[in-house]
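Shared between the two complexes below is chain A, which has chain B as its partner in the first and chain C in the second.
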Partner chain A sequence: MSKLNATDVQGFVLRGYNMPHARFCFLHFQNAAAGRHLVAQLLGSITTGQLWDNGKPQSTLNIAFTFKGLTALELPLATLISFPDEFQQGMKDRASILGDIGKNSPEHWDALWRGADIHAWVAIHALTPETLEAQFAQLNAIISATGNIHLLGSQDAAALVIDGKLSTKEHFGYTDGFGNPDYLGVCRNTQPGQGKLLPDGTWAPLATGELLLGYADEAGELPVAPVPHILAANGTFMVYRKLHENVGTFRAFLDEWGARYGAGDAAAKEKLASKFIGRWQDGTPIELSPDAPDPSIVADPNRNTDFKFGNDLSGSRCPVGAHVRRVHPRDAFGFNGKLVDRRRITRRGMPYGPQVDPTTPQDPATLDSTDRGVVFMALNASLSRQFEFVQQQWISYGNDAHLGNEKDLLLGTHLPGEKFSIQGDTNPANPPLFCANLPNFVELRGGDYFFLPSITALAMIAMELVDPR
Partner chain B sequence: MSNINGKLYAMNAITPMKPWKTWILRVIFFLLWHIKSKQQDLINLSFIQFARWVIIPRNRFPSLSSGQKQETLTYDYLLFFSNFNGTWNQYIDAFSAVLSTGLNLIWRWSEKFPGSVPVTGFKEYIARIQFDTDYYYTAYPEATANDTKAAHIVQGALTTLATQAAAQTPEQFQAAYLQFLLAVQTHLGDTGDAPAVF
Partner chain C sequence: MPNQNGRVFGLTFLCPILDDETLQISHDLQIRDYLATLPTDERSPFALAPGTHVARLVVMDDVIYVGMPAHEEHLASKYLVFETNTDADLPGYLRTLFDAIPQHIDAVWSHCTGYPGTADFDKLLAYMKACQIPTTFFFAAVNDKSVTETLLALQTQRAVAEFITTHQGMAPAQLQREFLEFYQALQSLPCPAAGGKLPRRVIKTGGHNE
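== the complex of A and B ==
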């Protein structure tokens, strides 16, 4: 593989920044000239994939466009129509494919996502609230100076603080941020469990083209991409979904079914919670340690993502329908994971909204109605082959896992009559359990598909140099 | 008038072969048929209900009536017929990812076959040689092959449990019921609507 030119790729693509504060700003261009001017003004400040060997910067800046945004920027028609269909349609029009129905359907989304067209996503990540505000003030100054750019709204996100320390937890209480694929040329070190499985049972990085346009993918060809090549290369597609979490519903459900599981005590409840996701709340994979959390595994990058499901086809350690097993089945479908390698996504999500205060008890309704959840952002070379496939076939459906129409417990949009199966064994502490009357734990409040161009492509857009030939 | 009926997709594909190559394919089919292990990958793709290749020699095309004139054909034909669960793309992606050697062995004798890897050229080929389904009957449009197999397992286990139950004490029944649950716990998926096609 040719060496990756990291300085041409936006930094957000190549690594999780691991910064505790973020603001995602959504812009509308009144006209193409204004949009191009803005891109030109921001170009020098966009964070690239260059390594931070001299320490992290105080804050970062990244930019991405919807199809409507690229249209507003007046890219040539031949270029516009060469983008993949699902990107041209945008996430709203893919609702029936994604299972975004009922409360999750676009007419129920936040006002921001139902109003004027969102053209661009500008992301600020920062080490402190002060540096976030400073970067935001600069952005605002550029927006005002440019003129004819509307800041339609913004979304703040922040790491949750547990016992005074920054964490990677989300509001239900699970620790996130372990599983993400490694790609050839992108990571300095690879971690077992993060790439693709080889026939000998070891792990290797995925082909770069599963993440970045312009590089060979796992099928040995270049990903479907817009023309010209130079506009696409080193870019990627991002899905942005604001996923509201009904924390009250989650807790009530866990109380109700925890009381009927195993000994029905606090330990049983904790175990049940781990069965929903496939990790204990501290992050220990239950496939590796089904009886109790094990902090030594969590702390060890050589172990915390290194597991397989092939020896647990009965699901008695990790349920067949547990979240991590659905979205990354590893060897569960046989063929050394070959049916899985082209369905991987890179997650860059963060929690948003006020943290639940553990000291003051709150009623479930208030816990549910508070605006909090996960800003789910995922990157992939093909939205339809990767994200949409995972969302439809593995989260909202179960045939590949031999689960019929059963959905992911926490993410599925459940209809009356659905159930969630937790496989068990003869150990009384690990019985089979079938949960019924499933509520909706997570609700979609907005989002869209974005194209995250390379630095070169941004310059071409700014200078009106996109030539489809 | 659709290749899709609920959770099922029917694919018919017909490709021409130069007659001398047909003999090679016959030998390959003979070997594949007798070496069962070679069929295992195809069988392990659980979303395939049925897949079959048939050679139609150029002088063996059916004659529908005595008045139909015999045609003189230059090529023999290979008919591929398959019923599977899931989308066209998912099916061909999987074929290309895990069965490429076997597929190439069978299809390379057909004219203009590009190979099953990379997948884009393979998909273009399939799209060109595919004939759409005129009429598609399926008994259980809301069930996949996995669902049907699972239903048989559950039915069998339930019948056994019910037969034994009559003579069991409550304690024995409790133990038998747990064994029943463990036997069926990975076979309880619900049938229902197919996901939207994309």
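== the complex of A and C ==
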């Protein structure tokens, strides 16, 4: 692989910023000149992938475009039509493939996602609310000075605070932010369990082209990318989904089925919750520690993502349909895990909405109706081969895992009659459990596909220099 | 062994389609027209012909050369491609089709060169043998179980899952009683019809997540 120029890649692509506050701003360009002018004005402030060896900045800035945005920027037609068709279509038109039906279908999305076309996503991440507002004020000043740019709306997201400390938890109570792929040239050091499995059972970084356009991917090919090459190289595609969490429904379901699991006590309930995801709520992988959470594993990067399912084909430690096993099956399908190397995604999500107050009891309906959930953002070189495949085949279907029509418990859009099976546990006190009458725990409230260009590509867009010939 | 994998047979045929320039609608188009209107559920001709795992009928107009440098190649005629995974070998499976759906065989194959009709089974067998291509590595749709075994297994799987969801946690004595009742009832259920409605899968297949 040729050496990666981290200063040409947007920083958001190369690493999770780990900043507790974020605001995602959605823009509409009244005309191409205004859009180009805005990009030119922002260019110098875009956070790149350069390492922060001298400490974190106070805030970051990144930008990405929908296909409609690139069209509004008047990129040449030959360039526009060279983008992959799922990106050209956008998320709404992919609803039937993604399983975005019923309450999740685009006509039920938030007003922001049903109104004027969203052209750009501008993301601010910040260390404090003050630095967030300061960066936002600057952005607003540039938007006003440019003119003919509409800020259609914005989405705030923030890390949850648990016992006075910043956490990586989401609103259902699970700790997130462990599993993410390592890529060649992108990560300084790799962590076992993050890249791809080798035949000898060790892990190696995935090919760069699974994340970045312009580099060889796991098939040894350049990913499908728009022309000219220089527009695509060092860029990637982003999935943005606002996933509402029905916390009341989740808690009621866990109470109901927890009472029927094992001893039916608090410990059984906690265990059942771990079976849904494949990690205890503190993050301990149940494949490694099926009977109790183990903080020493959580704290150890050499262990907290280092597990496989090949010796647990019956799902007695981690259920075959548990979330992490579905979305990253590792070696569960045999062939030393080779079948999953082209289905990996890089997650950059954050929780949004008010944190549930543990001290004041709230009724399930209020818990459900409060606007809170996960801003799910995922990066990949191919939306259709990576994100859409995971969503369609592994979250919304169970065939690869020999689970027939079963879906991911928390993420699936469930229809009457569906069930979720939890295989019998290593502990005889926990025989198999089949959960039925599945409610919908997560609802899609809006989203789209974005192209996150390199710094060079942003400059070309700003200067109207994109030339497909 | 060609055409066979475990207990399942993979039968493949290439049947030349008649070429008659005097026709208003050519034979290949007539086949396409007929195939396009066939039902694909339990009324599908192949659901009515026992022992069919999958069947595929394709009209192949010509071959297109893909590669460099481009050059033209043509087939001697258009072909009807018939591929199927079945529980029986050619004579056995053809007998099934002959008995169960002769009208469909006639409707499709009467547009093919040399087709002898369904009046005489031996002639039909000789014709199909002449069109058969030995398959050593074919798409195997199943895991070495017969169609009946597969349909019954799926029915059992659904029923058992349903039984468990409604009975899990029940006191052992009652559970045993109800299970025996359930088991007896299940034994006496008839085999579900092939091609029948499975639980609805709303998500669309495709995209092209190759």
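Simple rule for what comes next: the second predicted complex is superposed on the first by the 465 of 469 C-alpha atoms of A that agree within 3 Å, B and C clash if a C-alpha of one lies under 4 Å from a C-alpha of the other, contacts with A are read in each partner's own complex, and residues count from 1 in each chain.
Methods note: a contact is a pair of C-beta atoms (placed from the backbone, for glycine too) under 8 Å apart; a residue touches a chain by one contact, two chains touch by 3 or more.
Not measured: the values here are computed from a predicted model.
Clashing of chain B with chain C is the outcome of superposition onto chain A. Legend: residue contacts after superposition of the two complexes on their common chain; A:R260 is shown touching chain C, with no touch to chain B. Once the two complexes are laid over each other on the shared chain, residue contacts for A:I101 go to chain C alone; chain B is not touched.
In the superposed model, A:M460 lies in contact with neither chain B nor chain C.
Residue contacts after overlaying the shared chain place A:A381 against neither chain B nor chain C. By the document's definition of touching, neither partner reaches A:L152: not chain B, not chain C.
Set against each other, chain B and chain C differ in how many residues of chain A they touch, and the higher count belongs to B. By the touch criterion stated above, A:S314 is placed in contact with chain B alone, chain C being left untouched. In the superposition on chain A, A:A436 makes contact with chain C only, while chain B stays out of contact range. In the superposition on chain A, contact of A:D341 is made with chain B only, not with chain C. Of the two partner chains placed by the overlay, neither chain B nor chain C lies in contact with A:M238.
Taking the listed stretches 25-33, 43-51 or 115-123 of chain B in turn, the superposition on chain A shows a clash with chain C for 43-51 alone.
In the superposition on chain A, the residues of chain A contacted by chain B and by chain C overlap at 86, 94, 96-97, 99, 384-385, 388-389, 392-393, 396-397, 404-405, 417, 419, 421, 431-432, 434. By the touch rule above, chain B contacts chain A in their complex via residues 7, 41, 44, 46-47, 85-86, 89-90, 93-94, 96-98, 117-120, 144, 146-147, 150, 178, 181-182, 185-193, 195-196, 198. Residue ranges of chain A in contact with chain B, taken from their complex: 86, 94, 96-97, 99, 218-221, 313-315, 320, 333-335, 338-339, 341-342, 384-385, 388-389, 392-393, 396-400, 402-406, 417-419, 421, 423-426, 431-432, 434. Across the complex, chain C is touched by residues 86, 94, 96-97, 99, 101, 260, 384-385, 388-389, 392-393, 396-397, 404-405, 415, 417, 419, 421, 431-436 of chain A.
Contact residues on chain C toward chain A in their complex (touch as defined above): 157, 161, 164-166, 168-169, 199-204, 206-210.
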